[in-house]
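What follows are several structures.
You will see chain A twice below: alongside chain B first, and alongside chain C after that.
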Partner chain A sequence: MNIIFFMAALIIYLLGTAASLAYLVSLRRLFAKLGKFTLTAGFAVHSAALVVRYLEAGYTPITNLHESLSFFAWSIVGVYLVINVKYQVEVLAAFVSPVAAVLIILASLFPKEILPLAPVLESYWLPIHVTLAFFGNAMFTLAFAAGVMYLIQERQIKSKKIGAFYHRLPALKILDDLNYRCLTFGFPLLTLGIISGSVWAESAWGAYWSWDPKETWSLITWFLYAALLHGRLTVGWRGRRAAIFAIVGFAVLVFTFLGVNLLLTGLHAYN
Partner chain B sequence: MDHGYISYSVFFICLGMEIILIGLSHKTAPVEIREKFSIPGDQAEDILGRLAGLPGGRENMFLSTCNRMEVLSVVEDREESAGWIKNFLGGVAGMSGDELTPYLYVRKGEEAVAHLFRVTASLDSMVLGEPQILGQVKEAYRQAVGNKAAGLVLNKLFHRSFFVAKRVRTETKIASQAVSVSFAAVELAKKIMGSLNDKRAMLIGAGEMSELAARHFISQGVREIIVANRTHSRALELAQSLRGKAIPFADFPGMLKDVDIVLSSTGSAHYIIHKEHLTGIIRARKNKPMFFIDIAVPRDVDPAINEIENVYVYDIDDLQGVVESNKEERRKEIQKAEEIVRQGVEAFQRWLSSLEVVPTILDLRQRLEKIRQREVEKTLTLMKNASDEERKTLDILTQSIINKILHHPISLLKHQEGKGEGKLYVDLTRKIFHLDNEEEDD
Partner chain C sequence: MSRNEDKGLFPSLWDSLSSLRLTIALLIILSVASIFGTVIPQNASPEEYLQVYKITTYKILRILGFLDMYHAGWFILLLALLCLNLIACSLKRFRTTLRFFTPELRLDDGQWKTYSPGQKFTQNGLPAQMLPGIRETLSRSFSPPRVVEASPAFHLFAEKGMFSRLGVYFIHLSVLVILGGSLIGSFYGFRGNVNIIEGQEADQVILRNGEHIHLPGFNVSLEKFSVSFYPTGAPKEFKSILTIREGGRKVLTESILVNHPLTYKGISFYQSSYGIAGVERVILNIKDRESGKEVSLSAMMGNLTEIPGALSAFSLSHFLPDFQGMGPAFQVIFSEPNQPQQKFLILQNHPEFEEKRPGRYRFMIKEIEPRYYSGLQVTKDPGVWVVWAGCFIMIAGFYMTFLMSHRRVWIRLTEKGAETFIEIAGSSHRDRTGFEKEFQKIGQALNDSPMGLKEVKESEGHS
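Up next is the complex of A and B:
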């Protein structure tokens, strides 16, 4: 049953992608509205898919790659919809929709069966730890998107070659603010994610920290974003440098999330 | 229906009403001529009154803005009326009609309609897509209505032109791109800094062009303007008119760290703002972005400053480049807008030609004939046993009823043709008998 909702969400995200790209090409307001509407609808259906899976499985469905990718896509869309209330950056939807679509398509490629929960994961810490970490990741994903858009727009203005993107992308100031805002939300979430994981590790594995690859890489990610936040707050980093940092941070984050699971082995590998 | 009658009517159509537009604009007349026609509202009514006094005119509209003047009239004979109107306009400007003629354009019929639509939709404006013109045309129309100078044709024409203008505004992006250097500068500033509400701008040099740009910045919400000029009195004067602050010229380098936008236009032979100077300033500003607009030739701002992060330098050629690329984007939008105008003209011409007497009489006959046939058929299905004789009688009976009914309306229409109220009768006839199935949109 949850798979039906899941597939419906996938299709809606694809439609949203089409609408957002149509907006990017034509700049017609209608497509922007359509894109946002589909994204909201996709989010609703996707939420239903998660709830149904939760009821069917009896545990928070974030325990294997299929579930994680799906949950990550859901977090990104959710975080975008929240951010969008304050920052009306339509083109961001043209980033979020395809990313959600790709993530959820990836998720569909991994085994979808509901399996009995590994005993070590049977804990109320599971939803807390994973949700915090994923919302943090989603924030950083948006910071990454803002960073990429910033670099493109800055390139256009600096080089004085005003191309199609100039009219389509928002002001540098807005992109920089967005980057900063996502960082200020994402960093505490990541921090809490790591702390909650550590507390959980103590009760499950008997040690707060055991230098498992996931832990190590999370710490590296944390330091990167800490450096960025520090640079912004004290030295006045902004613009290009902050954008590049957000992009690098995101690359490490993707490795922490996917690379560690797929390439390295450790305590966090469950599939 | 006899054929003699039709050809007789066709002959008279040539004497119908014609639309003529005579005007001048920034494209045809220098400001010395245009300013002779910048006429305050109350005097415009006087001009409408005098236009109505010209022979052969039926409806008039007079539009006067700082960039254009237009007279739009519905006349009996456009060749004759063109002469009258030209002479009249010459009188208004204190010249002879012949002296004024080289600056005037004359558009007739369909071309006049298209011209009005283009003007109203701001496709003929000096600043393409500027929104004021629609209001000005509406005001001119309101005056014409108030003076009873607008009749059947102008009413329809203007409502159609407002409709076209609205479509152009909502369906194209004509007005959204900056195609003048100072607009391009403002647009760039917004693309860099977002809202300009909390930004400060400094003018170094108080030329005419930087004043113009400064006004654009103020209209976009720039919080404060600071003026530095070698001749301090000029700085004071400009600062006053911009409600800004003047500082001595020597003080401008110290001011740089407190301003976000710098507009430089001095006559200096060398750069007055150097890269070494800027690196310290940008650090003191904690990397808050700065935008230098250098409209001086030779340049005031070292172009190498553009290499510093969060600082942007545009000289006059760079701005011109932005304007060109915007124009390119806009050209596509203009094509869309012209298509909308073309559709508008077509719709209006369709309406206008429906006001001719002959097609109306034909439509009227056809309409009643259709009703007659339908009703006869209905009746005959009830009279299954009717003989051929009876059927024929029924046919003749109904036909003659229609002819009797139509006799007077048709002779009235023929009689009114080419006369002042002729179109009104046609229009009324079409409405009463519902001859235009579905009058579209508006």
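Up next is the complex of A and C:
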């Protein structure tokens, strides 16, 4: 049953991504509205898929790659919808929804059956830890999207010819501000994700920190975003440099999430 | 305290130590360095390394500390440098923060121009008559102001969220507290393992380096271990029932599960592994070939078991978990009256061998009841509460830094003929849009108050 909802969410997200990209290309308001409506509907269906899977599995469904990729996509769309209420940067959808679409397509490629829960995951820290970590990841994804948009827009301005995208992207200042805002939410969430993970590890593995690859990579991500925040807040990194850093940070984050599970072994390798 | 005033002694050292560029450089170096430890296996045995690396590579990696990287001198040094840098930066910055503790209660004319947002009103009456109402309104809509009288003018100052300026110091302090807690753990704590067989006890644990450590004045015994499985065969739950005895006296019995350790006298026991230590009991079917009768009986490992209705007896002397790839096997010592003792093997998965063996009785293994051992991780970490305190301070620091803002409001009342000229200015060190809304509300509150203030047109105001 949850798979039906999941596949429905996948299709709606693909439609939403198509509409958002169509808006970027055509700048027709109709596509912006359509994109927003479709992504909201997709989010609702995806939320239903998660609830149904929770009920069917009997545990928070974030325990293997299918589930966590799906949850990551859900967090990104959710965080985007919330941020968009405040920022009203509709064209952002064209940069965020493809990421969510790629993630949910990847999620559909991994085994989807509900497996019994490993004893170590049987803890109320599972939903807390994973939700905090993924909301942080989603914020960083938005910072990444803002960074990409910044670089494209800056290139347009520097090339002196007003290119096709110029009118479609928000002003540099807005993009830079958005990048910063997402960091100021993402970084505390990442920190909370690491702390909650430590508390859980203390009761499950007998150590709040064991330099497990996942832990180490999350710390690497933390170090990098800490460097970026210090650069922004005090040394005056703005615009281009901050945008590039947000993109690099996102690449490291994706490795922390996917690369560690697929390439390295460790305590977080559950499935 | 601060070195940069002490021009004679290492001023340049202080400058570089308190530089944010050093912070950023250290954070990036630490990130890149940390990667190595996730690619190179840590704390493995020399044999394991030599399977992956050439001997020279192995030696170089060992000398450079890459095999236990996160505890290597150079890594600790980087962390220590980060701490020093963090302290130096905080001290340097704190002096600028200190001035917010003694706020400017009145702004001069130049400052009135720079602080935004601003609003202006005029009102019939003298400033002294206006003051109580304005003070009351500001207290209600924002925060109780402090008043400076510069007759006939009055200056009011009110602020909120001053603590958010301290958030950054809380975060920096928390990093030091967390690292301090981990140091306490590494000096006064240990982490080891012990395997206990059901029914047996242990009073010492084996550390990672092979050292043995005695439990302080108590021992722990494993009453029972159990493991349950899902229908798929995946493990569902591991459970050890442990008893702590002190001087032979039972102190407590508790079961531990994964995610539910037992802590006694600062030492925690975690369920970490299990295995089969041997066999407790075997259920056998024994068939008498002469009478064709079959009996089922249970034999304790190593004990002499009589075959009912006969004078024969046997004992299971050895257990072979996997005999030549054919699964579990037992050695049976069989004795009959007036016959030499016989020794033979029986296999659980190959009863057909038993058919071919000559002799009156045929043995078939129905069930093996294993005797488990439970692998416990035993840790002592007196620093863990310090680490949690650090985490708490860090969360508080983030809350102060990113969710609070220091907002200040100044009001100046000046006499202008028979009227009073009322000016309001405000400032917030972050979330300016949020503050602008709040500032509008304060203006609105002053407007709505019964004094009947008249707003001066924005064109008259400053930018």
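Here, the second predicted complex is superposed on the first by the 271 of 271 C-alpha atoms of A that agree within 3 Å, B and C clash if a C-alpha of one lies under 4 Å from a C-alpha of the other, contacts with A are read in each partner's own complex, and residues count from 1 in each chain.
As a working rule, a contact is a pair of C-beta atoms (placed from the backbone, for glycine too) under 8 Å apart; a residue touches a chain by one contact, two chains touch by 3 or more.
Everything quoted here is computed from the prediction, not taken from an experiment.
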Quick check on the superposition: with chain A as the shared anchor, is it clash or fit for chain B versus chain C? fit
On the A-aligned overlay, A:209 touches which partner chain: chain B = first, chain C = second, or both, or neither? second
Of chain B and chain C, which one contacts the greater number of residues in chain A? C
Considering only touches as defined above, state whether A:167 meets chain B (first), chain C (second), both or neither. first
What is the contact status of A:217 with respect to chain B (first) and chain C (second): first, second, both, or neither? second
When the two structures are overlaid on chain A, which partner does A:198 contact: first (chain B), second (chain C), both, or neither? second
Looking at the overlay, does A:88 come into contact with chain B only (first), chain C only (second), both, or neither? neither
Using the superposed model, determine the angle chain B, chain A, chain C defined by their C-alpha centres, to the nearest 10 degrees. 150
For A:122, decide between first (touching chain B), second (touching chain C), both and neither. second
Using the touch definition from the top, say if A:26 reaches chain B (first), chain C (second), both or neither. neither
Could you grab the smallest C-alpha gap between chain B and chain C in the overlay, to the nearest Å? 6
Do chain B and chain C land on any of the same chain A residues, and which? 235
Write out the stretch or stretches of chain A touching chain B in their complex. 27, 153, 157-158, 160, 162-163, 166-167, 170-174, 177, 235-241
Could you please specify the touching residues of chain C with respect to chain A in the complex? 20-21, 23-24, 27-28, 30-31, 34-35, 37-39, 42, 70, 182, 191, 230, 232, 234-238, 257-261, 268, 270, 272, 377, 379, 381, 384, 387-388, 391, 394-395, 398, 402
Going by the contact rule at the top, pick out the chain B residues touching chain A in the complex. 173, 177, 188, 190-195, 285-289, 306, 309-310, 312, 314, 318, 321-322, 325-326, 329
Touching chain C in the complex, chain A uses residues 115-116, 118-120, 122-123, 184-185, 187-188, 191-192, 195, 198-199, 202-209, 211, 213, 216-217, 219-220, 223-224, 226-227, 230-231, 234-235, 252, 260, 264
